[in-house]
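Common to both upcoming complexes is chain A, partnered first by chain B, then by chain C.
Right after this comes the complex of A and B.
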C-alpha cells in the first residue's frame, strides 16, 4: 500500500446532440466526409457573426438542474484567444467568468458504494475542428466538421481518489447525458472526453500537492494508463527528493507515457474577454420551468427506489438503471405488479438481452404491460415453471404478443402439473431405476437430491411444480 | 440631369424624363471622369447596366410594384460583403477573396430595387481617418484632390461628392462615416448601435461598428436607413425594435432643446473657422426659438483613450481569423505553421492595422487587462450614463464633426497620435451607441465644414427631421 493518496479532478467535455452548431446553423453529425458540415460561419469567413443555439443553453440548464447546480440567471460569453489551424476564428467562444451552472454534485457508484463528486461549475463552449498529422508526409490536414460543435465542460472538485473512481464518473456522466437526452456520451466518437488533473499527497496531509493536467483523454483505457503513469512518476519524483512542477501534459498512447506540453511559466495567455458579438443571455423562470419539466427520473434516484422500496439487491438495481428506458420500464412495471423480484429477473434476463439483440429501447417491446404482468403471475402462481416460462413461453409470447398469455401457455401445453398421482408414478420409476444413488442418498449424500429432481423434471418435461415435486421426492427417498 | 435627391430621380424615372439606363450611364461616365481620385475598387459596369435595363422594364410593366429604392444607385465600401464579389477591406490579407454570401444590408438594398454600381476604397479594415491606409493607395478629395477625403469611409464620401452615385454605404466605428462626410461636404449618418445588422460587415470593433449611409440629401439617407434597418436572425446584437418610416418627413414647427458642449467648442485644436460656422448655426437656431444651451461634458478627456483601448482590444481578436490558413493571403515564404501565421500576417496587414492589433493584444494581456481594458470598459459605461442623463433634458447635442479641415495627402502619415486625436468629436457616439449625423454647413473657405448632431438611442427619425431644419436654416440665412 502506497503511503501517497491520489487526488484527481476532471474537466469533462460533453458534445451535445443538437442538430446544428453552437453558434451557426451548420449540421452537427459524426462521420461526414471532411469539411462537408461547414458554412461561412463555421469557417469564420469575413463578416460572419455567432448566434447562440438555444438548445445548447437548454441542455446546459437541464444538466445543471439534474445535479443540483445553481443556474446563473445572466450568461456572458467570452472569447478565448489562441491560434491553431483547426480554430477558424482564432478564438473559441466559451464562458470564462460567469458559467451557466455553479456547484452541484454527481453521485457515482464505485466498489459497491455511492460517492458524491462535487462539481465546481459547468460552462458552455464550442469545439474546435480536427487536425490530422499522420495522413500526409508533408502536410497536416484540417477537418472543420467538428468546429463549432456545442460542448459543455463539466469541471469537478478534486474529489476523485483513483482511476476506478474516474471510470465510474465518466460512466456516470455518459449515463446521465443519455438519461437527459443531451448527448450520446460516446467516447469512441469523441462525444465524451476528459482532461485529468492529478496530484499526490501523503495520507493524512491536508494540503494538496502541485497538480499536473493530462489533456484530451478520449478513452477510459488511456485515462487509466495516464493516471497510473502520472501517479508513479509523481511518487518517484517526490521520493527521490524532487518536487512536482505544475504543468500541462500530453499522453502518448503508443508509449503509455506523459510528456510536457507547457509549464506554468510558458502557459498561454488566452486574453479572455467578453465576446462583443454575443449579448448576455438571461435565463428566466419560464426556461427553467420548461427544463425542470423535462427532467426524467435520475439514475441514482431510480437506484434508491429499486433498492429501498423494492428491496432488490444493489447488483440488480445497478443493472436496472443502466439505461433510462430500462429504469423507467422497470419502475412502471413494479408499480403495477406484485412480485418485484420476478419482474426484475424477467427484465434482466429476458427483456434487456432482447433490446440489445434488436438494438432498440426496451420500451419498444411488442408485449403489453398487462401481458407481462400476467406472464409473471403464471410463474408466481406456479402454473408455469420458471424455466419453461423463460425458455418456451417467452419466445412464444414475443411471436404472439396479442394472444392472452395464459391461453398461449395452455395451447402449448406448458401449464405445469401438480397432480401428485402422476408425479408419484414418475418418482417411483426414477427410484426404481437408480437404486445405487438412492442408497447413497439414504447414507447421507443429500446432495443427490438435485440429481433426482433433475431426472424428475426431465421426465415431466418441466411441467412438474418444483415445490410439490421436491416435497414428494424427499418423502419417497425417505 | 443633376438629381441630388431620390425623389427627383424617382419622379424623373416615373415621368419618363430619363431612363434608369441613362442614369446609370451618367454615373459610369462620372466614375471614369474621376478615375484619378482613386475612389472605386471595382465597378460593376455591365451588371449595373443590366439591372438598369431590367428596372426600366419594371417601371413600364409593373409601376405599382417598384421597390422603395428604385433608381437609387449605390456604392459600397469595400468592407461589406456582396455575394460572388471580391471583398478585401483595402487589405492585402484578403487578396483575391470573394464573398460567398451577401450582407443583410446588401440583400435588403437589392430587394428594394437599388442598383449597386461598385465597391469603393477605404482605410484598411476601417482603421484610419484619411483613406491613405489602403492597399489600393490613397483616395483623393473631390473638392480638392491634394487633400485627403477623410476616412475610413473616405471613398464612400468621395463617390457621393463626385457625383458617381446617389448613395454610399460605409461603416462607422469611431466617425468613419461622419468625418469623411464632413471633409467631402456630404451628409453622413451613423445609426444607433444595433439599428442595422452587421451580418456581412467585416468587423473592426464589434461593439462599435455600424453600417452608415452617405448621400447629398438627408432624404436619401432616410430612405436607405428605412430599408436596411431592423431585426436580423444573423446578428444577435441587432435591435428588434420596429423600424419607423424614416422617409416620411413631416414638416414641423416643433421647438427643440439643444445642448452643445462648451468644452468642445473651446477645444484647443479646433479651427476658428469651424468654430464660427458652428456658432452661427447655433445662433440661427436660437433666433428660431429653439432652446440652445452650452453644457459641460465632464468626461471629454477620456473619450479618445477609452475608444482606442476598447476598439483595438476587439480588433486584435476580430482580425485573428485572417491567418492565411483557409483564405486570403498566405506567404509563399512560409515553411512551418508559425511562419504561415507570422509571414502571412506581416505581409498581409498594413502598418496601422498592425499597430492596432499589437495595442489591442497588449491591453487584453494578463497583467494589463485590469489596468487598461477593465478601466476603459468602466469609463465607457460612465460616458454612456452621462450622455443618457443629458438626453433626459435635451433632444439633441450639437458638436463640430471634426476639429480641423481635411489635411494634405501624406501630411500626417508619420503622426498617428495626432490623427487619433482628430476623432475627438465623433467617437463619443460610438462609445455611447447613439445615432449621429454630419451635415454640411456653409463654410467661408473652400473646404467644407460638417456640423454633427447626436440624439438619444433609436431617435434617428427625430435626428433626421432636425437635420432638415438645420439645413434649411443654414441655407436660408446665408442666401
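Right after this comes the complex of A and C.
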C-alpha cells in the first residue's frame, strides 16, 4: 500500500453534435476528405466575422442545468492567442473570464458506490485543425476540417483519486452527453478527450503537491497508462528527495511514458483579451426555460428509481441506465407493469441484446408495451416456463408482434402443464423403465436426479413446470 | 513597462517574427513612443466607467445550425503558399 494519495483533476473536451461549426457554417462531420469542410471564416480570410452557433450555446446550458451549475447570465468570448498552423486566425475563441456554467457536480458510479465530482466550470470554445507530421519528410500537413468545431470544456475540481474514478467520470460524461443529446461521446473519433492533472501527497496531508498536466488523452487505455506512469514517476522523485515541478507533459502511447512539453517558466503566454468580433450573450429566461424543458431523466435519477422504488439490485439498475432509451423504456414499462424483476430480466436479457444486434434503440422494438406486459404475465402466472418464454416464445413474438402473445403460446403448444396428474403419469412411466437407476438413486446416488429430470423434460416436450416437476420427481423416487 | 531587448525577443517569439539588430533598435524606440502616447490616456479619470469592449449595443447575435457557404478544396487551398492539392504544407513543427 502506497503512502501517497493520488489527486486528479480533469479538463474534459466534448465535441458537440451540431451540424455546423462553432462560429462558421462549415460542415463538422467526422472523416471528410482533408480541407473539404472549410470556409472563409475558418480560413481566417480578412474581413470575415464569426457568428455563434445557437445550438452550441443551448447545448452548453443544457449540460450545465443537468449537473446543477449556475448559468452565467452574461457571457463574453475571449481570444487565446497562439501562432500555430492548425488555427489560421492566430487565436482560439474561448471563454477565459466568464464561462457559461459555474460550479455543479457529476455523480459517478465507481466500485459499487456513487461519488459526486465537483465541477469548477464549463466553457464554450472551438477546436483547432489537424496537423500531420509523419506523412511527408519535408513538411507538416494541415487539414482544417476540424478547425472551429464546437467544443465544451468541462473543468473538474481535483476530486478524483484513482484511474478507476477517471474512467468512471469519462464513462459518465459520455453517458450524460448521450442522454442530453449534445454529443455522441465517441472517444475513438475524438468527440471526447481529456487532459489529466496529476499530483500526489502523503495520506493525511491537506496541501496538494505540485501538479503535472498530461495533454490530450483520447482513450481510456492511454489515460490509465499515463496516470500510472506519472504517479510512479512522482513518487520515485519525491522518495529520492526531489521535488515535482509543475509542467505540461505529453504522453507517448508507443513507450507508455510521459515527457516534458512545457515547464512553468516557459509556459505559453496566451495574452487573453475579449474578442470584439463577438457581441456578448445574455442568457434570458426564455433560453433557460427552453433547455429546462429538454432535460430528460438523468442517469443517476433513473438509478435511484430502479434501486429505491423498484428494489432492483445495483448491478441491474446500472445495466438499465446504460442508455437513455433503455432507461426510459424500463421506467415506463415498470410504471405500467407489476413485476419489476421480470421486466428488468426481460429488458437486460432479451431487449438490450436485440437493440445491440440491430444497432437501433430499444424504443424501436416492434412489440407493443401491452404485448410485453402480457408476455411477462404468462411467465409470472407460470403458464409458460421462463426458459420456454425466453428461448421460444420471444423469437416467435418478434416475428409475429401483432398476434396476441397468449394466442401465440397456445398455437405453438408452449403453455406448460402444471397439471400434476399428467406429470405423475409420465414420472411413473420413467420410473418403471429405469428400475436399475432408481435403485442406485435410492442407495445414495442422488446425482441421478438430473437424469430423471432430463427424461421427464423430454417426455413432456419441455412443457413441465420445472419447479413442480422437480418436487414431484423427488417424492416419487422416495 | 521597460522596453528592452529581452522584451523584443519575447515578442518576436510570440509573433513568430525575426528582426535584424537594426530593426530591434528601431522597435525599442517605436514601442517606447507608443507606450508614452498611450500613457497620456492614464491622465483621464475613469473611476466608475465600465470598460468599452464593444462598439455596438448588440447582444445575442446567433447563427442557426446550418451548413452553408463552404469552399471547395481547390478554393480553400488557392492562397496557400504551399500545398500538395489536398493539404496545406507548412514547415515541420515537430522535429522527429
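The rule is short, and it goes like this: the second predicted complex is superposed on the first by the 451 of 478 C-alpha atoms of A that agree within 3 Å, B and C clash if a C-alpha of one lies under 4 Å from a C-alpha of the other, contacts with A are read in each partner's own complex, and residues count from 1 in each chain.
Keep in mind that, in the parts below, a contact is a pair of C-beta atoms (placed from the backbone, for glycine too) under 8 Å apart; a residue touches a chain by one contact, two chains touch by 3 or more.
Given the structure is predicted, the values throughout are model-derived calculations rather than measurements.
A.B. asks: Contacts for A:133 in the overlay, against chain B (first) and chain C (second): which applies, first, second, both or neither?
C.D. replies: second
A.B. asks: Per the contact definition in the header, classify A:52: touching chain B only (first), chain C only (second), both, or neither.
C.D. replies: Touch status of A:52: both partners.
A.B. asks: Could you tell me if A:381 is touching chain B, chain C, both of them or neither one (first, second, both, neither)?
C.D. replies: In the superposition, A:381 contacts neither chain B nor chain C.
A.B. asks: I want to verify the contact counts: of chain B and chain C, which reaches more residues of chain A?
C.D. replies: It is C that touches the greater number of chain A residues.
A.B. asks: Go through the superposed model and pick first if A:141 touches only chain B, second if only chain C, both, or neither.
C.D. replies: A:141: touches chain C, not chain B.
A.B. asks: So, A:271: does it touch chain B (first), chain C (second), both, or neither?
C.D. replies: Once the two structures are laid over each other on A, A:271 reaches both partners.
A.B. asks: Is A:27 in contact with chain B, with chain C, with both, or with neither (first, second, both, neither)?
C.D. replies: It touches chain C, and chain B stays clear.
A.B. asks: Of the partners chain B and chain C, which touch A:435 in the superposed model: first, second, both, neither?
C.D. replies: In the superposition, A:435 contacts neither chain B nor chain C.
A.B. asks: By the touch definition at the top of the document, which applies to A:91: first (chain B), second (chain C), both, or neither?
C.D. replies: First partner only, chain B.
A.B. asks: Contact-wise, after the overlay, does A:43 reach chain B, chain C, both or neither (first, second, both, neither)?
C.D. replies: both
A.B. asks: Per the definitions at the top, what is the overlap between the chain A residues touching chain B and those touching chain C?
C.D. replies: 40, 43, 51-52, 81, 83, 85, 140, 142, 269, 271, 276, 278-279
A.B. asks: Help me check something: in the complex, which residues belonging to chain A touch chain C?
C.D. replies: 18-20, 23, 25-27, 33-40, 43, 51-55, 57, 76, 81, 83-85, 131-134, 136, 138-144, 269, 271, 274, 276, 278-282, 284
A.B. asks: Can you name the residues of chain C that touch chain A in the complex?
C.D. replies: 10, 14-16, 53-56, 58-73, 76-77, 82, 84, 86-94, 96
A.B. asks: For chain A, which residues count as touching chain B in their complex?
C.D. replies: 40, 43-52, 79, 81, 83, 85, 88-91, 140, 142, 269, 271, 273, 276-279
A.B. asks: Touching residues of chain B toward chain A in the complex: what are they?
C.D. replies: 79-81, 87, 89, 94, 97, 99-101, 103, 198-203, 205-207, 233-237, 313-314, 316-317, 320-323, 325-327, 337, 341, 361, 364-366, 369, 373
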